[in-house]
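Remarks on the structure that follows.
By written order: A, B, C and D. Residues from 1 in each chain.
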Amino acid sequence: MGEPHAYGGASAPASDWGDDRMTEITREMLLDLHQRMVRIRIFEEEAGRLSEAGRIPGALHLYVGEEAVAAGVMAHLEAADQITSTHRGHGHLVAKGGDLRQMYAELFGREAGYCKGKGGSMHIADLDLGMLGANGIVGGGPPIAVGAAFSNKYRKTQNVSCCFFGDGASNEGTFHEAANIAALYRLPIVFVCENNGFGEFTRQDRHQAIQDVADRAGSYGMPGVIVDGMDVTAVYEAAGEAIARARRGEGPTLLECKTYRFFDHVGVRGMGMVYRTDDEVLQWKRRDPIATFEERLQEMGILAADQAAAIHERVLFEVREAIAFAENSPPPDPSVLLEDVYTLAAGGGR
Amino acid sequence: MGEPHAYGGASAPASDWGDDRMTEITREMLLDLHQRMVRIRIFEEEAGRLSEAGRIPGALHLYVGEEAVAAGVMAHLEAADQITSTHRGHGHLVAKGGDLRQMYAELFGREAGYCKGKGGSMHIADLDLGMLGANGIVGGGPPIAVGAAFSNKYRKTQNVSCCFFGDGASNEGTFHEAANIAALYRLPIVFVCENNGFGEFTRQDRHQAIQDVADRAGSYGMPGVIVDGMDVTAVYEAAGEAIARARRGEGPTLLECKTYRFFDHVGVRGMGMVYRTDDEVLQWKRRDPIATFEERLQEMGILAADQAAAIHERVLFEVREAIAFAENSPPPDPSVLLEDVYTLAAGGGR
Amino acid sequence: MTAPESAARRLPYVMAVNEAITQLMREDPAVFLAGEDVALYGSVFGISRNLLAEFGPERVVDTPIAEAGIMGLGIGAAATGLRPIIDIMFMDFMTVCMDQLVNQAAKMKYMFGGKARLPLTIHTMAGGGRSMAAQHSQSLEAWFCHVPGLKVVMPSGAYEAKGLMVAAVRDDNPVIVVNQKALLGASAPVPEDLYEIPLGVANIVRPGSNFTIVALGAMVPEALKAAETLAEDGLDVEVIDPRTLQPFDTGTVVASVRKTHRALVAHEAVRFGGLGAEIAAQIQEEAFDHLDAPVGRVGAPFSPVPFSPVLESHYVPTAETIVTEVRRLLGRQA
Amino acid sequence: MTAPESAARRLPYVMAVNEAITQLMREDPAVFLAGEDVALYGSVFGISRNLLAEFGPERVVDTPIAEAGIMGLGIGAAATGLRPIIDIMFMDFMTVCMDQLVNQAAKMKYMFGGKARLPLTIHTMAGGGRSMAAQHSQSLEAWFCHVPGLKVVMPSGAYEAKGLMVAAVRDDNPVIVVNQKALLGASAPVPEDLYEIPLGVANIVRPGSNFTIVALGAMVPEALKAAETLAEDGLDVEVIDPRTLQPFDTGTVVASVRKTHRALVAHEAVRFGGLGAEIAAQIQEEAFDHLDAPVGRVGAPFSPVPFSPVLESHYVPTAETIVTEVRRLLGRQA
């Protein structure tokens, strides 16, 4: 892929480079990327249905349309590599290998959930997988990701942290502080901006006077890279380079992925919105990261249409099974309300 | 002067353009700039002495060495143009026309002070002069300056606000948020970075991985300009352009002034510091904004050495008079302790 | 001071806020509203619906997600002659702009020797009950009441929401208006004119003779329900809605307790260090000799707000919590 | 639990903190210190002097001026196996990182169903007395005590400073260590070994029989002075230093008041909404029948901290303030 540019301007979208780069990615990896995306998609669609039907409490921010970002980044990470996530965090955890049963159980607020029902959608987390939590605070994640990267360096591991954040979040002061610290210490971190064009219901050109969040990279002395966030292989390659750079100890990268959310900010409606036209939504849906990737895989003879359909079906089955498990699992007992507020002393002396 | 560049890179220091530009500035203005600088210098040196002698309570952050910045910017402003200042704020208020008696009375914590003795050095303010306050919080000023600029635009005035902040402050999230909002709304504001190379005792290369704070301008979609902050005419011209641009409704500019503080972060020591070499201090002192300007004024036949000396003497006299006034003025009566916490209702009905 | 029961028109809380802002903006061109998604979208809670259409984008301002920046925008505007209403979507997000609010807005007048005037209203949404979990459900009003220079109001219903909003915006100081999600849909008679509920004056919602409940915001309707239940026990409960938390109307509360001899404070915030502590401390200071029982306190238990509805329903205090605590207090006397 | 009077070595407060950090860093390689000017300069208060030389820049880390970033650095590091000490120069600056502290650090464990462990220490400097004015003198501990998930300690002298710092760093939760400028120079006997003062346990600094003063941090020496004066009135004052404010040792305080029947709480923070309110409320709840007088409270009056020494000396409570208030409380009884 092209050189990430340093200090200011931003390189051309990675997807302009044409399809020949896909030959560099192994068949197994292509199928892995596909599978990660399908798992997210179906997880989210089903979660959305449950939410609309009133079967899941609270607010769900769905990731549908943006799957290529989580899949393309997470394919490079192992459990010891950390990520921080956002209010739109299910996709990140699914892509990082999250257990669907525990995820659904959490969405339902059940005891078997990742957070024992105490966190819900906006706080879903799996520290064992290096998923340091979805976050209800826009801009809450970047400083924490910097802390994880600092820790990786301090402990002399080869691990990296990846910090997911939105175009809207790029206007929060915490992003600025985190990026500056990361560049200063040359920390092993990648700032992954999921630019879906909106912060809630406010279009990007109404929340910042720049077009590319990657332009901010130069402010900190780190390279900024722009990639087509609807193209999973483009994300995969750009993320791979940024992550490798971080692992080599060469410091952070700001990777901006241009993407779009198909649903509304919250819930599953997506059309007929005051803040965007249906036409715009349809344009982006034509670039559906899964459908377009499946077409390409089919052309390449890697995945036939019926094979793809079978994968969807298998995942759907798995998801439904997880939902059934979750919905049938018991809610937390009120007696646990005051548990888990503090870590209790490890016992005597200390 | 040269075109302010937009989006990223930064133009060459304005002082590289040679001395011929001084011909564009009127003789009166040159003398005005000189006078503003001398007033700051002598105000600060005397304040420092008083502080070292234990006659002024609290901490003083002195502006000596950086006078060209305040003078060059403030020469363009009228009372209805607002500024926000920093912990190092005396110079800004002196340059904006602050009353020396009220200033000293405030440093002494006296009733006759600008803040009735309730604010002190770090909160010295004169709202009637558009000086919205020194500020004890690094990064506290930029959002407020944005508010003043918003107000100017809302009220359809031609006024601008100027936000002074340091290189250290440029790492605070509030700077980022303020700059983004200002650029988005194209507000009439100039962000004046007083880059003196240090945040407290930390050298710039240990607090950010960039060399020019002006590089951050491109992050927000505003022009960034670098100017030699030891050269008052360079600052005057660059500030003039940025302020005119703001008044024309063309939005904000980030103006970085490269400068140096001759004294320590707090107080009047300056040499023998752990965080900088004496040699470095001496190098910068050779570029003393007042001495070098006086040399030039003398060469240009505008101000002879004895005339300059007379000005210093006159200002010193004025400053000493203000100090005598202040030190002899009464402290606030303890009974006022609970006054001024709230604005009381304007009376009946409303 | 209480809404006329006869008033024909009932409005839901959210519409009462909307009407207050609309009428205030009509009244005074210096008033504007800024916040995240308040213009085009009309705010995620609907409080600014239709304002953009009427007042245009200069006065109804969508902002970036940058709370400290927005708060500073309000401060700078207020200090230079405008009368801003700054919307901070959830009270939990106050945590990202505390400096601007606490070190700048609250102290500017004092630090400047009285020479600033800061007619700034901060409008926000607190409280739980909607499974929004630990970062979207907090009640942090006690923090702000501890900060000299700030005023804090907490409406208990639609009538109060409008009248206190009007008073807040007309006040020349920074005033935080703490709304609660639990009340948004609740309707009450709301006069159509631009009435003002004076700041610093408590309201006796229900007079009573032998027990005082001081209830904050959404706890007022709960306290009224509790009073009904307790009436069956033979208790004649007086319910006081302070309306303004800072400055606090100690006089009204103390006068009540001197009459009733027993009191309890109820709020949704965490009990430890909540405003109930201050109110209880004041009551025992000012009415010590009149007290027949310790002043009770009802608040949330000492944990973050949990997500699961099962847990949250045990977390947020209700009429039952109040009844139980009152009975415990009185049983203790025996 | 109190420093042995016989201990030969006396240390000033600031050196006790320095020694605690040094020994903790020697003991555990996971401990590091980060903050503004803590490395090369050794911190503006001198608490980290010589640390850089001994431990190097990997473990003693100068940071940019970016408190939210620094706090997040601590959180992310703590959540991934390290044991950070984060220095926030002045407590007033906590206002720029409240989200990271309150919404992230404090709640992470709970929100994640118990699966996080956050051994994070936040070290900061509170209080007035040095003419540093409204933005460098605040005492905001009550805010943090109101936040489930945080612990708060407030040492009253050099001995406590070291022992509580050790306990804070070894604790697996976010602990805020609130030092006070007024105490920095005060010396006391400080053992050389790495001793720990357990969190959550109050210390009876001076036993007494007929009046209890609960004093926080720098108010402890003031309370001791007040006790001397009050002895002349025939009062035998018990002075309690809670040491840890959250979790608060209610038991020790209540037991004392049950014995003495009268109590007062003293802190430097603003009285309204300060921790004194919570402590007073608890005392009257738990010892109602034992109280012969209302629980008194001494704290700063309701204004920002003024700059002028004349005003500030009337602002920050002292032994005299305490004496006056105790006498007022007792006079009231007559």
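The working rule: contacts are C-beta pairs under 8 Å (C-beta built on N, C-alpha and C of every residue); 3 or more make two chains touch, one makes a residue touch a chain.
Because the structure is a prediction, the values reported are computed rather than measured.
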Checklist entry - Repeat of A-C among B-D, B-C or A-D, where over half of the residue-numbered contact pairs coincide, is which pair? => result B-D
Checklist outcome for this item: Per mean C-alpha coordinates, the chain lying farthest from chain C is B
Next on the checklist: Measuring centre to centre with CA averages, how many angstrom lie between chain C and chain D?
Outcome noted: 30
Checklist outcome for this item: Distance between the CA centroids of chain B and chain C (whole Å) is 41
Checklist outcome for this item: Between the Cα centroids of chain B and chain D the separation in whole angstrom comes to 37
Checklist entry - For chain C, what residues touch not just one other chain but two or more? => result 63-64, 66, 68-69, 92-93, 95-96, 99, 103, 110-111, 133-135, 148-149, 302-304, 306-307
Checklist entry - Where in chain A do residues touch two or more other chains at once? => result 115, 117-119, 123, 135-137, 140, 171-174, 176-177, 180, 184, 206-208, 340-341
Next on the checklist: Under the definition above, what is the set of chain B residues touching chain D in their complex?
Outcome noted: 57-59, 109-110, 115, 117-120, 122-123, 135-140, 168-169, 171-174, 199-202, 206-208, 274-275, 331-332, 334, 336-338, 340-341
Item to check | Residue ranges of chain A touching chain B (in the complex, touch as defined) | outcome: 7-9, 171-177, 180, 183-184, 186, 206-210, 215-216, 218-222
Item to check | chain D partner contacts - residues on chain A that touch it in the complex | outcome: 82, 84, 113-119, 123, 125-128, 132-133, 135-137, 140, 142-152, 154-155, 161, 173-174, 176-178, 180-181, 184, 339-343, 345-346, 350
Item to check | chain B contact footprint on chain C (complex, rising order) | outcome: 32, 58-59, 63-64, 66, 68-82, 84, 99-100, 103-104, 108-118, 148-149, 151, 170-173, 196
Checklist entry - Touching chain D in the complex: which residues of chain C? => result 68, 92-96, 98-99, 101-103, 106-107, 110-111, 133-135, 140, 142-143, 145-149, 246, 248, 269-270, 272-278, 280-281, 284-286, 288, 291, 293-297, 302-304, 306-307
